[in-house]
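Listed next: structures, encoded as structure tokens.
There are two complexes below, and they share chain A, which is joined by chain B in the first and by chain C in the second.
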Partner chain A sequence: MTRYIIKRLLISIPVLLGISLVAFFLVQASGDPMAVYISNPNLSAEDIARLEKAYGFDKPVYVQYFYWLRKAIVGDWGQSFLTHQDVLLMIRQRLGNTLILMGTSFAITLIISLALGMYSATHQYSPADYLVTAFSFFGYSMPSFWFGLMLIIIFAVKFREWGLPYLPAAGMYPIRGEPSFFQLIRHLILPATVLSLISVAKYTRYLRSSMLEVIGQDYIRTARAKGLSERVILWRHAFKNAVIPLLTIIMLDIPQLFSGALITEQVFAWPGMGRMYWEHAVWIDYPVLMGIILLVSTLVVLCNLLADISYAIVDPRIRLS
Partner chain B sequence: MTHRNLNILLALLTILTLILAACAPTAAPTEKIVTQVVKETVKETVVVAGTPQVVEKVVEKVVTPTPEPEKPKGTVVVGVWQEPKGLIWNIFYEAHTNDILDSMYYAPVALNEKDELVPEMLQEIPTLDNGGISADGKTITLKFKDGLKWHDGQPVTSEDFKFTWQFVVDPNTKSQTSIGWDRIESVDTPDNLTAIVHLKEPYVPFVAAVLSFPVLPKHALEGVPDPGNSEFARKPIGNGSFIFQEWVPGDHITVVANPEAMKQPKIEKIIFKFVPDMNTLVALLRTGDVDIAYDLRELQIAEVLKMKDVEPYVVPGVAVERYYFNLRDPNDLTKPHPIFSDIRVRKAVAMGMDRFTAVSRILQGYGEVAVTELDNHPWFNEELQPVPYDPEAAKALLDEAGWKDTDGDGIRDKDGKKLSFTHSTTAGNQVRENLQVFFQQNLKDIGVEMVIQNYPAATLFGGCADNGIFGQSKFDMIGFTNKPASIDLAQEWADFFLCDAVKNCETNPAGTNAWGYCNEKTDAALKCAIGEVDPDKRLACIKEAQKLIYEDYIALYVYDRLDVYAANKRIGGFNPTVFGSWTWNFEDWYVQE
Partner chain C sequence: MTVMESSLSTEIMYRKPQGPWQLAARRFVRHRIGVVSSLILLFIVGLVILGPAWFISEDAAFRPDPMRINSPPSADHWLGTDEVGRDILARIIYGGRVSLLVGLLAMLVAITAGVLLGSLAGYFGGIVDSLIMRFTDVMLSIPGIFLIIALSVFMGPSMRTIILAIGFLNWMSVARVVRSLFLSLKEQDFVLAARCLGVKDGRIMWGHILPNAMAPVVVAATLTVGSAILTETAVSYLGLGIQPPTPSWGNMLKNAQDLIWTAPWVAIFPGAMIFFTTLCINFMGDALRDALDPRMQL
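On to the complex of A and B.
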């Protein structure tokens, strides 16, 4: 096992290098970081030429890549062209906010889809099963910018106008007044609802089909024949086995907790990673983009490894070598 | 002189001295005064038998009450859709960053409610008449007001002004803009309140453009290695009406009233809340969470009008949406453009686009058909009228230029080449795209094919190295909006049309005249607009240049954008102007409860 882990970790180095190379060239090819300055009327031609030189944009792209790589390897992820701040600091400032939002919605998603998925599987083709399926696809196909805005208009604007208890529309804490844990929960409700509704469909469908497969297995029939109660059969025998493939999917979704939700953060003015990525992507601020891409791709590689290891732990039939 | 007269004179002198002496202790203007009778010991010069003597005597005087200065109260929340990248104006130069900095900094000169230049940190505006500007236009003398202080208590001096110049032009600062500041040869500071600026050449926009930027504190920024990444960039020390309090990244910036400000604010606190999504911002305006919003779109006016607690403010804009014709072949810039190098074609295309209907229908009347780049500006040449929509005249011009539909496909051609061109602007802007489709149809009616080819902003405005459309002049017609950064826009305006500014990636990669326009007469008029010290002659040159550019049909000015603001009715004193924007009078804002 230890050997396997070391081997996998070593393989991940060229993988990450490859990702960084592709990402760097893609980012570079998508536009000119100097455009932010060129569209600014108060910059003279000389100013632009001077800045281009100062940032090294006059060099070929591959030279810029090696320059970036040399520093990134020793932990210096560079400075944003826009804010001049260290990229690592900027990520640290936003990461916590994103984890709060994404973690909450992930937990809600898991709880809801567990309940719905189990119910659906045990009541296959019942009206309730169809309802769950319809509901989950409804959420899945909902564009988050529109759905978020609707929730804001209903629960933040209309409820307030009707004199009902209302929810805040934007931010993590009230604009006027002191931040508190209670306020954070209130501010979390709307964005977390949007995010979980969208991903509930995926997990519900996975769990439902996985459960259905397990329920049809011989050992479940054996358990029934032994006269075990339906409850014990479902939860001790069926669920434990059905959840194994789900584990992989959960593991692979973990990097998302860190990368944030671009549109939802934008709509709800949540100061997180997704919004930061968007704001810097518009102006090709590649040190920030590369920082986030590298962080997330490292997590993807690690979580893949974790998924494989955890799989081996819960399912003794699987041997890693 | 008789003895009697001398006595009267002496008596008058005595009274005068007494008044002067009595005035002295109340000179400090910030002192709180209530109605009271004060007993004071006054030193008096009394002339006894011809010799002046100083005696002390107790006098009673009534001190007239001045209204008690009101303590600033209330909080105003301003919704800001774009977060500043940092808080040093020259390094993070962006309009919305300067808006926020305006609350924390005074500038040497500022604009009043009529958009007239008034002194702010200076005692008076330097002009030719008062000797502040030398006859050759190369020396400008600045006299700063006494008693200005940085928020950390240090006095503001002429050394700070000199430092600001050095800071802006120092390449290590990574300053974004140095426009105007780079014209300074040297600055002398004979005393703490005087700065004498020596320019390399006469540069008339200096006073209105350069002096409207904040002065930076020398004691806080001198010797800081990477100022853009310094603590100061996140926690600035200003000298203005409000003091920086906090910046929560991604969330808000808060400033609080400066009790020692030259112009006392009436409100206690301003919160600049970052709301990146316009629709969310409008929702927050409606709930009253946000008091003031700016940069709203024209089409949102109707939505704001429906809110009972919020009032829209609409100001004629100086941001002009325009389309430039490329005069050079985008595939080979040494050759003239195959279609647009002929002025008759440019004129026909301009006359073939129905901007009047576009403004009334697509913009629902919120905007005005544009004439030149200087619409709504005091320098506007009133002789000029908007290019008319005249498809018949356009057709006649195209016929005359030899473009005829010989193959019957509805598109004119000449020597086997179709009269077809691409039109590029920023992708994803709904209003722009609607306009394009509308004009495309207009042009089809006169036998011209307009192909829409839009790009993301970063590509459209990209430079030489990155295959930028603007940078490599790879367009037939390019559309964007430019909003001048200051009321004296001569330089930035001229940079679009000067021969030296013609963009060429090999020889002049930093040029901004991407359309390759060069006309000797226009060049001379524009240079005069930048260098002529005599205000009347200068204005004549500016009007001349406008006319020449207009008559050369180098650009089609589509429409003047409106500046749309909204403020909750509980906020008083909010009064946006054309050039002063909404930030010229933070001190006048108040909250009605």
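On to the complex of A and C.
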């Protein structure tokens, strides 16, 4: 077991280095990091040359990469070109809001897709099963930003016109008044729904097919023959085995969840990290972009690592292969 | 009894042998939603290609008309007009050309890269395989939208940028599938036979093995078009993809958010087109998967 964990840890180091390389060369080498300064009329050519030297942009790209990496490892992720704040500090201020949104949507996703997936697997080819299948196709064909706009039209605009209790269309708290937990929940409903839709559609289908596969196996027949109740068979025997492949899918989907969060935050003006990324991308503020890409990818790698280790604990077959 | 037996045997005798593609076509036709979706898709593609020549004028799509700003759907403008008075139906048709083209070309980039890297990794194995697969892991760990936004900003938002960016961020699953197929196919006798005849590696890979691995690639290609359309429209909605005045289904929604209080039709129709087109593509991909899966017998 220990050997397996060490092996997995060692594999993730080159992956992390690879991520930093890809991010660095795509972000820094494909654009002009001095663009913010060149467009500033108050700076002369000599000033810009001096700044270039101060930031190390006059050196070859691979030298810049090693400079940058050496600093990044010890937690110095540079300063924003735009606000001159520390990048790590800026990310920390926004990361929490993104995690609130992602966490809520993740909880919704799990509850709904478990319920729908289990129901349609146990009622295969029933009208409800077809309905669930249709829903999942609708779900992952839906452009999430448009789904968000439609929800705003219905629940924020129309409900208000009709005099029904309506939901807020933007932000995390009302502009006036005290921020409260109740207000947070009210503001969370629409964005969390939008962010959940695709994952619910996907996981429902996966759970359905993996449950159907497990239910067809011999040990389930044995359990039935023993006279166990259907509930025990489904939840204690079948579900436990069916959920393992689903966990892999969920872990592999974390990058998409971050991508989805970026778009959702944009639609609902949610003050999270994705929105900050977009705001700073427009200004070509590359230390912030690098920082966010690096942080998000590192989180993804860590989650994959944790997932792999926990499977190895749950399922001894994995360790052998 | 004898009658039944003889009719059965004649049926077997007179049934023509079917090629794999004929079998696949028969299976595809049985997936009714898949067939209907393909027909709708054909209609959308036809409308987008022929529409301008047929009943839509370029003026309606591009020339602002201050007299009809944000007018609701009517007999003259079936889907209403936008914030500068352009006809939304006309813009959907012109925008569809862009969005569908971006989806198709991005798919071609992604499939080419995926097949190339996957086949190299699977065929040669060893260090080539490890390097390519680690690179795949790296690319899978970075959330796509973040890199696409960065690329659009740095290379300047344009159609070429968005096609390349989406293409280079969607090849990973294809590469994995192709690699695993190559791993098993390269052990088969026909590869050994080809090698004994002195056929070169490149020809074995793409002339002999690849045709046997085409079925999942075709399915993946179809589904990639759908996800590429979703990505393009999302990035264009964020203002970093296709730039106005060129319409795309995504950038038509860019200003819609400010208008949903007064002119909701501006937001509804372009998004509905994205949704239905992607839905049809996904159903078609599902039908193709059923049709091309050799495990399913008919």
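The definition used in the following text is that the second predicted complex is superposed on the first by the 269 of 321 C-alpha atoms of A that agree within 3 Å, B and C clash if a C-alpha of one lies under 4 Å from a C-alpha of the other, contacts with A are read in each partner's own complex, and residues count from 1 in each chain.
In the analysis below, contacts are C-beta pairs under 8 Å (C-beta built on N, C-alpha and C of every residue); 3 or more make two chains touch, one makes a residue touch a chain.
Keep in mind it's a predicted model, so treat the numbers as computed, not measured.
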item: Touching partner for A:191 - first (chain B), second (chain C), both, neither; value: neither
item: Contacts of A:291 with chain B and chain C, given as first, second, both or neither; value: neither
item: First (chain B), second (chain C), both or neither touched by A:139; value: neither
item: Touching partner for A:300 - first (chain B), second (chain C), both, neither; value: second
item: Contacts of A:150 with chain B and chain C, given as first, second, both or neither; value: second
item: Which superposed partner A:117 touches (first chain B, second chain C, both, neither); value: neither
item: Contacts of A:282 with chain B and chain C, given as first, second, both or neither; value: both
item: Per-residue touch tally on chain A - higher for chain B or for chain C; value: B
item: Which of chain B and chain C A:267 touches, first, second, both or neither; value: both
item: Touching partner for A:15 - first (chain B), second (chain C), both, neither; value: second
item: On chain A, positions contacted by chain B and by chain C; value: 30-31, 145, 149, 152-153, 157, 266-267, 282, 284
item: Chain A contact footprint on chain C (complex, rising order); value: 134-135, 137-147, 149-151, 153-155, 226, 230, 233-234, 237-240, 250, 253, 256-257, 260-261, 264, 267-268, 270-272, 274-275, 278-279, 281-283, 286
item: Residue numbers on chain B that touch chain A, as the complex places them; value: 75, 77, 83, 85-86, 91-94, 171, 174-179, 182, 226, 228-229, 233, 248-252, 271, 273-277, 279-280, 283-284, 286-287, 289-290, 456-463, 465-468, 470-471, 480, 482-486, 491-492, 495, 501, 508-512
item: Chain C-touching residues of chain A, taken from the complex the two chains share; value: 14-15, 18-19, 22-23, 26-27, 30-31, 137-138, 140-146, 149-150, 152-153, 157, 252, 255-256, 258-259, 262-263, 266-267, 277-278, 281-282, 284, 289, 292-293, 296-297, 300-301, 304
item: Chain B-touching residues of chain A, taken from the complex the two chains share; value: 28, 30-52, 54, 57-58, 79-80, 82-86, 90, 93-94, 97, 145, 149, 152-153, 156-157, 160, 166, 168-173, 175-176, 266-272, 275-276, 279, 282-284
